[in-house]
């Protein structure tokens, strides 16, 4: 595998709750933003481009996240995105968030592939599979 | 005018920032939620129904909000929605947020009407105008 | 167990993505809103009140969600909240989202209890345990 | 004035609504993110750092935004942040969002300065005024 793709987030005041740390509900959104950024950088476009230009939908069927340490605006948040499992019709992304060298959260996110305008399952199209294989965890 | 439509919001921990009050960026979203709830209750459906079932789009062209007092989770937030100005092709909503009898914010939100699938301006359709007139501030 | 607590959500246009269904990132936030509403209704206050008035923090350590069917603005979203597992220092909530009688998503959310101003783990305080036991799945 | 500060945003699928453009409620949040990024880059820290480390609060009293053209994920969104008006106790930021060379929205955002732990108005502290003056529109 190549070096894991990393998406950097500037955590803001508005992401934090009165405990002065990032609100739990923001973390899944950070993870999704990281996956979308991965696709933008590696696959020629995020979900929007894939759906509208390639008629390829990628609905989520599952997410699970472990929260290891609080996230704060004191450091950049580095989110790595890798492929944990690659099926014929689905992919599971592994997203890890680090701040200042410390693991803050880690999660798995499974998407299936559809023909977008038919809401019908399909095998992973070639242009997507090629990219996902490069980022598969050994 | 009839009694102003009121949309009640349960303000949450996650809406608040480290200053222990609702984050500024949440307020416009509360206002939009209130307008959508107004349309759901009074016009037979929010923006989603209007756009998909009636081919009526309502893009925003302007918003302005004055923040008068902090919003907190200690009280329900009551958002009233009225019509401030009604043109032939646009409407301006007036949204006010009160907590415990105190005005917390007030704002104006202007939308134009479009034929949704043509992205073309249109005069306000009859089913919408009828409702908006009833809620026009005298 | 008593009848499960149900929190009803008016799904909006702004919750939806270009696929005309609720964006994945909104679902965990709906679940958290439901848990907060449960606490507001059953425990005398949501996380804000618990943290500020009772010095009881409830940070999340884990969430996992299965997405079963799309959520749309066509029906109210009914989120039930029950207690799946009750430890001495942690609770796992079970949240299920239904629309029009159909299961749309289900998830588990684990929180630990802390003395808020010390960021120190604590056993579940009595006023919280009493409520949580009533909602424990048999 | 120096070159205006620019904050770049990767617009995502999740920012868009079923009309395939960014949802109105996201735009004020993009503007706030841009102001926070300005402070992070120019003032040694965003609102979080200012509030917690410098005891300087900056609550908003007013925002107004004109929406000029739709925002989409097809281009990076470039948000410029400048100072429109600088009082003794308040600042008005001017935020403009451009995509592909086209103005998409523009808005004004007024914040007052407080001694954070006293919720009391104060004159703009020196370290902040120095930065804001540099970015004042001539």
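Each chain carries a letter (A, B, C and D) given by its place in the written order, and its residues are counted from 1.
What we mean here is this: a residue touches a chain if its C-beta (ideal position, glycine included) is under 8 Å from a C-beta of that chain, and two chains touch if they have at least 3 such contacts.
Nothing here was measured: the structure is a model prediction, and the numbers come from that model.
Colleague: Any chains in contact with both chain A and chain B?
Modeller: Chains in contact with chain A as well as chain B: C, D.
Colleague: More C-beta contacts across C-D or across A-C?
Modeller: A-C
Colleague: With centres defined as the mean of C-alpha atoms, identify the chain lying farthest from chain A.
Modeller: Relative to chain A, the chain whose C-alpha centre sits farthest away is B.
Colleague: Counting only Cα atoms for the centres, state how far chain B is from chain C in Å.
Modeller: That gives a centre separation of 27 Å.
Colleague: Per the centroid of Cα atoms for each chain, what is the distance between chain A and chain C, given in Å?
Modeller: 23
Colleague: Indicate the whole-number Å distance between the mean C-alpha point of chain C and the mean C-alpha point of chain D.
Modeller: So the centre of chain C lies 33 Å away from the centre of chain D.
Colleague: Touching two or more other chains, which residues of chain A qualify?
Modeller: As it turns out, chain A has residues touching two or more other chains at 13-14, 16, 18-20, 24-25, 29, 32, 48, 51-52.
Colleague: Give every residue of chain B touching chain C within the complex, in rising order.
Modeller: Listed in rising order, the residues of chain B that touch chain C are 10, 12-14, 16, 20, 29, 32-33, 36-37, 40, 45-49, 51-52, 72-74.
Colleague: Could you pull out which chain D residues touch chain B in their complex?
Modeller: Answer in residue numbers: 18-19, 24-25, 28-29, 32, 48, 51-52, 57, 59-67, 70, 116.
Colleague: Along chain A, where are the residues that touch chain B in the complex?
Modeller: Contacts found on chain A: 13-14, 16-20, 23-25.
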